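I've put the structures underneath this note.
You will see subunit A twice below: alongside subunit B first, and alongside subunit C after that.
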Partner chain A sequence: MNSIKRFFTDRESLAPALVTLFAGLFSLLAGIVLIFIVSKNPVQSVRNFLLAPFLRSYNFYYLLIVMVPITFTGLALCIVYQLRYMSLIVDASFYTGAVVATALGTLISLPSGVHPAVAMIAAGIVGGLIGLLPAILKIRWRANELVSSLMLNYVFYFLGSFVILYYLRDRSQTILSSLPFKKTFLLPRLVANTQLHVGFLIAAGFVVLVSIFLYRTRWGYEIRLTGANPRFAMYAGIPVTSVILYAHFISGFLGGVGGAVEMSGLYRAFIWQMNPSYAWDGVIVAMLARRNPKFVPLSALFFAYLRVGADFMSRRGDVAFEFITLLQGLIILILASDRIVNYFRERQLRKQLLKNSRRESR
Partner chain B sequence: MIHFIAGVVTSANYWFIVLRSTAPILLVTLGAVITAQAGIMNMALEGSMLWAALTGVIVSAATQNVWIGLLAGIGASVLVALVLGLFALKLHANPVLSGVALNLVATGGTVFVLFSLTGDKGISSSLASKVLPSLSIPVVKDIPWIGKVVSGQNIVVYIAAVSVVVIDLILRRFAIGRRIRATGENVEAARAAGINPVRIKFFTLIISGILAGFAGCFLSMGYTSNFTSGIAAGRGYVANAAQVVAGGTAVGSIFAAMLFGLTDAMATYLQNIGLMPELIQALPYAVTILGFVVVTFVRDRREAERKRKLFAGTAMQKEKADAA
Partner chain C sequence: MNYIVRTEKLSKIYPNGTFANKSVDFAVMEGEIHGLVGENGAGKTTLMKMLYGEEQPSQGSILIDEKPVSLASEFDAIKAGIGMVHQHFMLVPSLTAAENLVLGKEPKRKRTRTFDLAAAVSITEELSKHYNLPVFAKARVADLSVSMRQKLEILKALYRGARILILDEPTAVLTPQETEELFVELKTLKQQGKTIIFISHKLKEIFNLCDRVTVMRDGRMIATHNVADVDVHQISNEMVGREVRFEIARPPMAPGEPALRVRELSYVDDFAIPKLKHVSFTLRRNEILGVVGVDGNGQTELVEIITGNEKALSGKVFAYSTEVTNRSAGFVRRCGIAHIAEDRMTVGTALPASIEQNLLADRYRNRQFSTRAGFLRSREMAAYAGRLVHEYDIRCNSANQPVASLSGGNMQKVVVAREFTANASILVISEPTRGVDIGAIEYIHTKIMEMRSAGKAILLVSSDLQEVMALSDSLIVMHEGEIVAYFPDAAAVTDKELGLYMLGIKRQSDEELRKVLHE
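Showing the complex of A and B:
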């Protein structure tokens, strides 16, 4: 509660908060304008877009389900962004995590409860190791981490779909699908007769864990300090290289676990025909949360709301779902612009000065 | 296996495909090189290509003139580069992040526009778009092996070759090249020397937009004859890796782009004999990373060596001065 109060009274954080709000509203507005341009029945489409979660209870639960993967990728990217790194490797971690979980979910037998947990940990470790790669390339060979991570994302995507196709495929199915998961692998439902699964609680748990980790432990402090000023951190005796490495491992770990949770919670077999690329959603979630894990649920909720709205609208009308990706890009553009942040900050400062000078003249 | 690869590598058809798949990468790599020389990373090349590919198809279908389509495609591509300039240079946004954002806008936006126009999300086959012509070169086409490789390529392949010369001239022979490199080296020094860095950066962005426009139009109106969603397939990102491999020169870009082209063409071949397409599709990207890492490693090594010598030299001079 205290932090919420501080959030709204702290002058320093109010300007970015306003920008965040502005980016959110602007993207909604841009979405509505776009719908009016292309839709034959714009009013209906806008209604479906904005009110989807409240029109059908199915949509409401769907909103909560969508929050799960983007919370994981959002948390993962919060850690990377705390370091001021740009690596997007969490996409590969997430996808490969899902593949690893599929392998463990179909091939081995374990008691229920233990089975998904083992799969998540294994997926997390694999995801973490993948997450290390761009960091190593950057530290050892100064290769730009964004470029190398995007390349690696392609490599791991093809590798993953290779494993599914050649080792785990259910040949009795006509469409591409892995063998069905063992019953013990599936996570229990949270609410009967909906798809809402225990993964939602796991994601919530990780939000708390990562918040504590980043803001209440030594390791988290080292990450934040290294990100804020690597040279200072080095002179302060922080082992910068290993900080960067474990931060990337943890980030990848979160991605891998996210992939595993998605598999065991939502599906009965691996049926992704292409990479869902939740990492891009994670970019927005982390940016809207301003790298602070504690705000991730809020921004994940907002983004899931956009996604569900776009999905519902596209299924009931003539507007393509991809328009969500368009909005995504617009939000990042706004959030990335220093000038826009500064505009709000300056305006605030001017008001403050004006108030002060009036007080003085009185 | 080795026998098969040896057979492929000596066939004229393989090299024909190599040139064909190298051309678009070469064009965007040149674009990445010229902007990087000015000190701005054009991450939006992917988006530029996507918009160019789609615009080219739509306009050529509407006007039934492939050249107007090409022009419109290039226009769209340049527009993306200018928007990147607007955000990165005028609004002081992080250039990499805004580039990535523009790519997202392009990935979603092209599909969105395609669907709104045709009702199809995947492919533009319902649009009667035109294809850029192939050229056969008079004398060269009669040379036995070389003629089969070099002649009969799409016009954009030749444009890519010409672009190498043009970019090389711009960077190394013209006065603007010196200004570009000065801006990339040290913005403050460039400004002190009376150069307007923002204008220089915008100039390089426009050039890279034109190059990416050719590449994008080639993909949808030459390499294939349709726009398909995500047609750029990460080539814009590959270009930014290849740019490093190229070492900031136009001629280096040929080798960097060839690296991708060779593996890409080989992947096409190996796929044909039924050799696990998924793994092979990953090859070009993996090889690009490898090249990227090796080149940065070697360059850093050389740089360190140079610095060491430099310092050793000055130290020696100092010693001499002290002794005297």
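Showing the complex of A and C:
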């Protein structure tokens, strides 16, 4: 029991964990209230919303599949947030990673097993290089990384679409689709007759790797200290510039691999008509995880749960799927307001100190 | 009795948990100069900030003319007749003295309702004459001396109708001569019926100036006395809570070989203002070389350049035989220069990071703490941090708690513990005891002397003149980015004499200054 408590609260006090829990529960509650307001058959809708993964086995596996891409973007954003950077370039890394994987999955031939691995590494490297761009702009010209990354996301989205359209498109299809992937490129299924693929295990592996990297290696140490106070890090002799660069490379690398895993695990060809923008979901996942990678699976699970529930409910009833964006907004609002945490912490502290001083003066 | 300002059981707890004021009963009589003394961090400034509406009390009340008031902001305080002169002046450097004085309450031309500069100037000159506080009304604040800026701040408060003036450590930025001048002016103000609250931690000043004195310690009010009834010893014991040792044990020691050589160092800041002009000196082993000067005369820049935190325009720095000019802070550290930064809150520590992380920030790469492959040896790190916490008497619950939760003194001990165990042969120490409680000050001073005995070369910069004079073997004085004096024996100079050099009134000949090179 004690070790469980430590798992959730070490390095930080209990308050942020409670606020996170509160954000989750409150958004769920708000969702239920909302359903009762808009739905003609609220009980049925709420049931579909809350119990979706348990009502149909398809939904259950769908939940696990949804977790995969947001785990990758969530991990990538954990690293950036540890640095106290706000770059969202992982969106471009993810999308471009998928395009690179598509190119390698359709154009070259390799033995199965090796084929997706090569594609993932190549996609990761390209994603990492893209991840560097906002950091370089910031270091060199003090350009705000949030703005530059959002703009670059469009650049890479259109560049990726261009490559698919002009070089990889399957012209025999009427809808927009790339050439079909080679058989060797596809990841095996984990459970027969479902879409759950090996990418789920790869994502789990990366959770462990990134946790170790951030908290057990000297590079992670450098990232955390630089994030805590860059001026101090420089004074203490940490090579701050290179820390910022490799952190962003690794973050982008994770995004790129995520894109490749999604392609080889879930699809038979590149068929995205628009950018799925998993980076935005990753923002919530990383925030819910309090930028600690070991909590990413949990927050990804919660997020996927909301998403699958909303999806199932909207197909079975009269509540639109988009209602999930309201819940996401609520979660972000609660998490972003540090003041809530501070308020509770301060009040507690003040009470305790006044009590102590009364005892002293007695 | 006629109290003009009084507080009842006033307490203040800052959001970070600092318990700055504990049930303070503080009372000032009309027309007196009331001294408020206490060590750094005793809660003097917090108390004054509450009186000036900048901070809100957590408990208790404030009474002006025996009527309870709530001071929600500086505006309320000004309306109630309270004026404050901060340690760091609140002036706009690019505007003239007159414009600064009337800012927020400007005289307007009758017809056009536009700002009337001529009227502002004449108001300034009139006030300046009336209160006998000379300022150049038409000069830009950037061109005024520090002491004149201070006078302008006082006038600013008076212009807004202040009956009660709060001066927060006004002498910290002044030379001994300027301090005397200020005291004469303050006594004149008193004769004109103003009430003055004078904050200081220098007892000599209190005895020269004040009628009554209140002592604070550790956030509590200890006592209020008529200055005539007490002596320095009683006050200082109350400030510290025990007998104070004024002496620092200093074993005689001959300086050894040259360790740090600085040659012809020049630096120009972002606004193209020269901050260092051809600074040259040599620091030797077993020597503490003190750097004296009024704040802002190039000391900060000198330290930043030596330690690799800033790039010089020209000149060279050598640590023993290695040139370290304009190399990274990491390189400079690897060459054996440790550095206690003057600002521990923004540079010397990472506040949200743990004590352990802060202690190991410069040595986590050592084989002792990380493997060749780059994995951290967490157990060794924790054990090492625990040892330093114990050895340097850092008061905390665990080495895993954030540095932000420590008191100023303990925070500084974290910095000292790291820098003094860095295996460096040269120590560059800036403001080692600023804002630190007396116990920690004594401890840090002892440690500095230990380092000297251990054969380190120490460059000491501090705005506390008494501290530099007490610790240093020899002194250099800086004025406007230049070394204007070198005293091979720190014990042979008086603070008055140093003051003349600090002000730029006196300057040694080039021949005398060349002695600091030890060539």
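Here are a few things to note about the model shown:
To be clear about the criterion, the second predicted complex is superposed on the first by the 334 of 362 C-alpha atoms of A that agree within 3 Å, B and C clash if a C-alpha of one lies under 4 Å from a C-alpha of the other, contacts with A are read in each partner's own complex, and residues count from 1 in each chain.
The rule is short, and it goes like this: a contact is a pair of C-beta atoms (placed from the backbone, for glycine too) under 8 Å apart; a residue touches a chain by one contact, two chains touch by 3 or more.
Predicted model, so just to flag it, every value in this text is computed and none were measured.
Once the two complexes are overlaid on the shared chain, A:86 sits against subunit B while remaining clear of subunit C. Looking at the superposition, the partner that touches the larger set of subunit A residues, subunit B or subunit C, turns out to be B.
Contact with neither subunit B nor subunit C is seen for A:125 once the two complexes are overlaid on the shared chain. When the two structures are aligned on the shared chain, A:330 is found in touch with subunit B, with no touch to subunit C. Judged by the touch definition given at the top, the superposed model places A:147 against subunit B, while subunit C stays out of reach.
Of the two partner chains placed around the shared chain by superposition, subunit C is the only one that A:237 touches, whereas subunit B remains out of contact.
Shared-chain residue A:139: touches no atom of subunit B or subunit C.
Within subunit A, the residues touching subunit B in one complex and subunit C in the other are 342. Note for the complex: subunit C touches subunit A at residues 11, 13, 15, 17, 19, 22-23, 58-59, 307, 309, 328-334, 339, 341, 346-354, 357, 361-362, 364-365, 370, 374-376, 378, 400. Across the complex, subunit A is touched by residues 41, 43, 87, 90-94, 96-98, 100-109, 111-112, 115-116, 121, 234, 237-238, 240-241, 244, 276, 278-279, 281-282, 285-286, 288-289, 292-293, 296-297, 300 of subunit B. On the subunit A side of its complex with subunit B, the touching residues are 34, 38, 86, 137, 140-144, 146-148, 150-152, 154-155, 157-159, 161-162, 165-166, 280, 283, 318-320, 322-333, 336-340, 342. On the subunit A side of its complex with subunit C, the touching residues are 10-11, 216-219, 221, 224-225, 228-229, 231-239, 342, 346, 349-350, 353-354, 357, 361.
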